[in-house]
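Read from first to last, the chains carry the letters A, B, C and D; within each, the first residue is number 1.
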Amino acid sequence: MSTEKIKNSLKTGSDKDGYFGEYGGIAAGENLMNNLEELKKAFEDAIKDKKFLDEFAYYCKHWIGRPSPIYFAERITKKIGGAKIYFKQEHLNHTGSHKPTNTLFQVLLAKRMGKKKIICESGAGQHWSAAAATAAKFGMPIVGVMGKIDCARVNQNLIKAKHYGGKLKIVEGSLREAITAAIKEWSNNPDYYYLIGSTCSSSPFVDIVRYAQSIIGKEMREQFMELEGKLPNEIIACAGAGSNFTGSIFEFLDEPEIKKVVVEAEETAALTNGTKGIQQGMVTKFLQSDDGSKSLGGSSLGAGIMYYGISPQLAHLKDIGAIEASAASDKELLETYKLVAQNEGIGISFEPAAAVTEALKRAKGKPKDYIICATACGRVEKDLDVIERLIGKDFE
Amino acid sequence: MIAYFVACYPNFEKSLEIIKKSIDAGVNICEIGFPTQEASGEGIVIKNAHDHCLQRNVTLKDTIKLAKAVRNYNNDVGIILMGYMSNIFKYPIKNFVSDLASVDVDGCLIVDAPHELREENELRNLMNKKNLSLIKLVAPTTKEERLKKLSNLFSGWVYSLNFSGISGSKSANLEDVKNMIKKIKTYTDLPVCSGFGIKTPGDAKKMTQTGCDGVIVGSSIVEYIGKNLNDTKLPKNVGNIIKTFVEELK
Amino acid sequence: MSTEKIKNSLKTGSDKDGYFGEYGGIAAGENLMNNLEELKKAFEDAIKDKKFLDEFAYYCKHWIGRPSPIYFAERITKKIGGAKIYFKQEHLNHTGSHKPTNTLFQVLLAKRMGKKKIICESGAGQHWSAAAATAAKFGMPIVGVMGKIDCARVNQNLIKAKHYGGKLKIVEGSLREAITAAIKEWSNNPDYYYLIGSTCSSSPFVDIVRYAQSIIGKEMREQFMELEGKLPNEIIACAGAGSNFTGSIFEFLDEPEIKKVVVEAEETAALTNGTKGIQQGMVTKFLQSDDGSKSLGGSSLGAGIMYYGISPQLAHLKDIGAIEASAASDKELLETYKLVAQNEGIGISFEPAAAVTEALKRAKGKPKDYIICATACGRVEKDLDVIERLIGKDFE
Amino acid sequence: MIAYFVACYPNFEKSLEIIKKSIDAGVNICEIGFPTQEASGEGIVIKNAHDHCLQRNVTLKDTIKLAKAVRNYNNDVGIILMGYMSNIFKYPIKNFVSDLASVDVDGCLIVDAPHELREENELRNLMNKKNLSLIKLVAPTTKEERLKKLSNLFSGWVYSLNFSGISGSKSANLEDVKNMIKKIKTYTDLPVCSGFGIKTPGDAKKMTQTGCDGVIVGSSIVEYIGKNLNDTKLPKNVGNIIKTFVEELK
């Protein structure tokens, strides 16, 4: 997908078995193997089809509102004293996060494959509302699965998705259980298109989602060259399973001088604290019991980054030192939200607050011409009530 | 007849007793599932049984212990473990295979390990060396070309899925199953057993018309156990149920 | 502001006394006259200053995320059968409406004037949250005034503005009372900058807000020429006091072949049902009692278009036949919201639903190459709970 | 002394009675405000009085009727109407001026009608023809250059605002007022009266040191009326309050 071929390029996607180094692969039931194969072929076909890519670009521009701008967070930069802090404003996309870029790509793919119905999972409900919006736009019926724990706290997304025409199935648990349940639905209905929301599960999903989201980094390159005449020194983004982060850094994978930092929720930091395992259709790092029968990990305010696994590609990239990993606590998310709202007039959701938290730490004391770009991948609406309840009095 | 049991459901002793009674009732192969949170191929009945066992900290080790006890009770019955890669990978694979061999189990069947998964290859190679069967599945969605590839990997017998979906969710269409068995048999001489959607002895009987060499009964047995957890006669009653299946299949 | 000078151009702004034909002017207390004069000079100065305009353009792009794209509403177009219906997607702007373009322009102006504090009014809370965000971005304290009736139904905007650091004063009534109260605050503090939210009140406010918002139409021209190779046949936008509509059509005022249709809330359709009067700092059409002592008009679901007056410029343009006026009922707003959500995957707020309602009516039966562009000036979040309460069951 | 009354507050009869007693107490000019919802220059006290009257459908017509009754009672006292353009514009302007003249009122003062407003010009021209005064205001924020322009339009007397803001909201700074009066007087020989922020007879007394030719008392009288709406001795008591002001101003 890169125009120049680089020897040992990291931008090649997964290998022929769907692995990134020792992670990835396909750990799916036999009844899904045909679907995954069909999907892989359809995907590889589609991205060679100029008409398809043009269509994707057209709707990215007109429906989603891409490119999302980069934004110099001037007052925070001054406050911290050090590197220039930029936001990649993914929250300005239609539906308020980076998610619709992926749902758009995959719904177009589903249409191209002649699929008639869509199924998906969701954690924070951002993928669900984005998927439902996209399905509505293209007149496709859609079924979503979410965990009860998540539903309670992202109610607005559920209402929106319902208004778009999506039908929601609620299961016990959180994103993990939602993915498992969605996969089961798909097993039961192999003629559906399974629209996964992040860079996880079996190959080729990781490659598909990465392909769609890597537009984030591509835009960044162009925008930074135009505005600053150079690329950022560090790119920071949060990760649940990793689509936002992967999309932000993929473009720069062959440029090791650009630091790439992924930030997880402290409570579910699979990259930092997980162990290798095979679950959820893939080989990757998980927070799991020693015997692999149970998932571990606590609860984060960042519903979208509360996942006990991580993209296999990111597990690989961390192993080979191509990316760094960090984590943010609930307390930090709240503090960072407040700082950004009060100083930049931007209400970010909890997930990007994790990335900005890390950016603030790293900016301190850095030279003035050092650039750190944090991807602001969500707007606050879905979290507003929780914030108001927890720290509303701080603003009085 | 092949019966699926969730290991240590409702507990080690009762589970062993249930399996013993089932063997007495004429089960040919015991499929013993080891519990996991993942259970992505399972319907609500089996999933609940898994969760019950996980709450009581049942592990793959316990499952192997159970298998050993079953083998001690009966030397002829087929015993295979069934489950997901997660637990085997963590066991880890090497130890899993040697433990399987040491308790004289016949093989195992992994729901989420297609031959494309490198870890499956590792497991299969080790098992082959120990003469253990890694049972492969064929689904209605499995294309001819893939079936051909799979047939080179078949070992022990073939698990033919009667429908695409999760366990306990649908009923099978007899005509479809018939065609599928026929297709599989063009590629292999191993026994082909038919699973999913077989709930009553009547279902099992009908299934024999498809040309399969055996039927697998899962959810309906697990469901019965789940509904009678505290019944002291539970093992005996499960045995009786198995007997009704076996009778029909004669 | 237009590059070619056209004889009898309608794009000249107000005359030397601040009038548009017989409407507009200054009906303010003596203690505000100096402020208004100072403001007028500062405005005229600023828009001759390339550096200032560049700064405005820079933040429009990077902070607000302009240009907002145009979007071909393909499925609705098919459903209606007739003209091509386009949306100008102003809801994709930061804070979710057209409002921040104006608040950005004026906060920059306030800074340029050396003002240290900002005061504003708001109806739907969209202007309030946009103003508070902008003030936060530039580190300016801000006080807002809103009517109690409006506060109750746009709660999310109030929380957001609070988080940005805005201090809200709540008065009895609705937008009318909020404007009066804000003007009073300003009278008491003539050293503040009064950041008005729409094309109303005394000169030069109408010209200032129109200047900022006319970027909407400018973008439309470029975008339609690029995408369709021609301009739309009709441009439709809703109006409370009229900033969104004026911004959408100003660019095309000297092109009479382009129809321009303003849509008010049926309950407060001042342009259609109002009579000339002098209130709220200006001469214009109002819904008022015969003796001019009381305002009239009912309540609309569209909090942002529930104003009993109208921009004096629009009163003038309607009198001379340069624009047409229409209105939409609550029932229509709900129906249109539903249609757009379910067919285009876009959740618009009640205000733009008024414009789209009119677009649907006009599209029917028109030739296939006839283009109608409706400005989608707000996203649904602030109205979501009300919609769910009123017609939530329709989506089940 | 100039006293501001809200027309027909609390009703026509009592309002008339209050004004009569105030005249008896020595008021020189009665400023009679006609109610409007707009009231953008008024603080909460006067605003509430306006709302009270609006609820009872008091109109500008009623206000003129009241002014007529006042004139009938006393031929010498100054009477001016005070209010907002909205009502006058709707009256409409021409009729307003002829009605003013016919009831022998001295003039009027419009809060929201600077001379930049064309409708103000129309009103002023018509009033001039009828020898009625359109009282102009000067604010602390009024710049010298503008004051010069305004001075050509002064008629009757000049209303000097003691602070920028709405009625009843602040207290005046004596030194500032002094300077302002002085400045105004360099441009006009007409009387300059000082208004806003004068609440007590003591305030009024102090204000005389600024060189002004009269003081205007508004909110504090309206407030007293508002607090004693049902008191049968209300007119008499207002008269007494006015008297305390008049005494201090002697």
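What we mean here is this: a contact is a pair of C-beta atoms (placed from the backbone, for glycine too) under 8 Å apart; a residue touches a chain by one contact, two chains touch by 3 or more.
Please read these numbers as outputs of a predicted model, since none were measured by experiment.
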{"item": "Distance in touch steps, counted as few as possible, from chain B out to chain C", "value": "2"}
{"item": "Interchain centroid distance [CA atoms averaged], chain C/chain D, Å", "value": "37"}
{"item": "Length of the line joining the C-alpha centres of chain B and chain D, rounded to whole Å", "value": "97"}
{"item": "Distance from chain D to chain A - Cα centre to Cα centre, in angstrom", "value": "67"}
{"item": "Graph class of chain-chain contacts, one of line, ring, star, complete, other", "value": "line"}
{"item": "Full enumeration of touching chain pairs", "value": "A-B, A-C, C-D"}
{"item": "List of chain D residues in touch with chain C within their complex", "value": "34-41, 43, 54, 59-61, 84-91, 111-114, 116-119, 136-143, 146, 161, 164-166, 169-170"}
{"item": "Residues on chain A engaged by chain B in the complex (per definition of touch)", "value": "17-19, 25-35, 37, 176, 180, 183-184, 187-190, 276-281, 283, 288, 290-295"}
{"item": "Contact set on chain A toward chain C in their complex", "value": "61-63, 65, 68-72, 75, 89, 92-94, 132-139, 156, 159-160, 162-165, 337-338, 341-347, 380-381, 384-385, 387-388, 392, 395-396"}
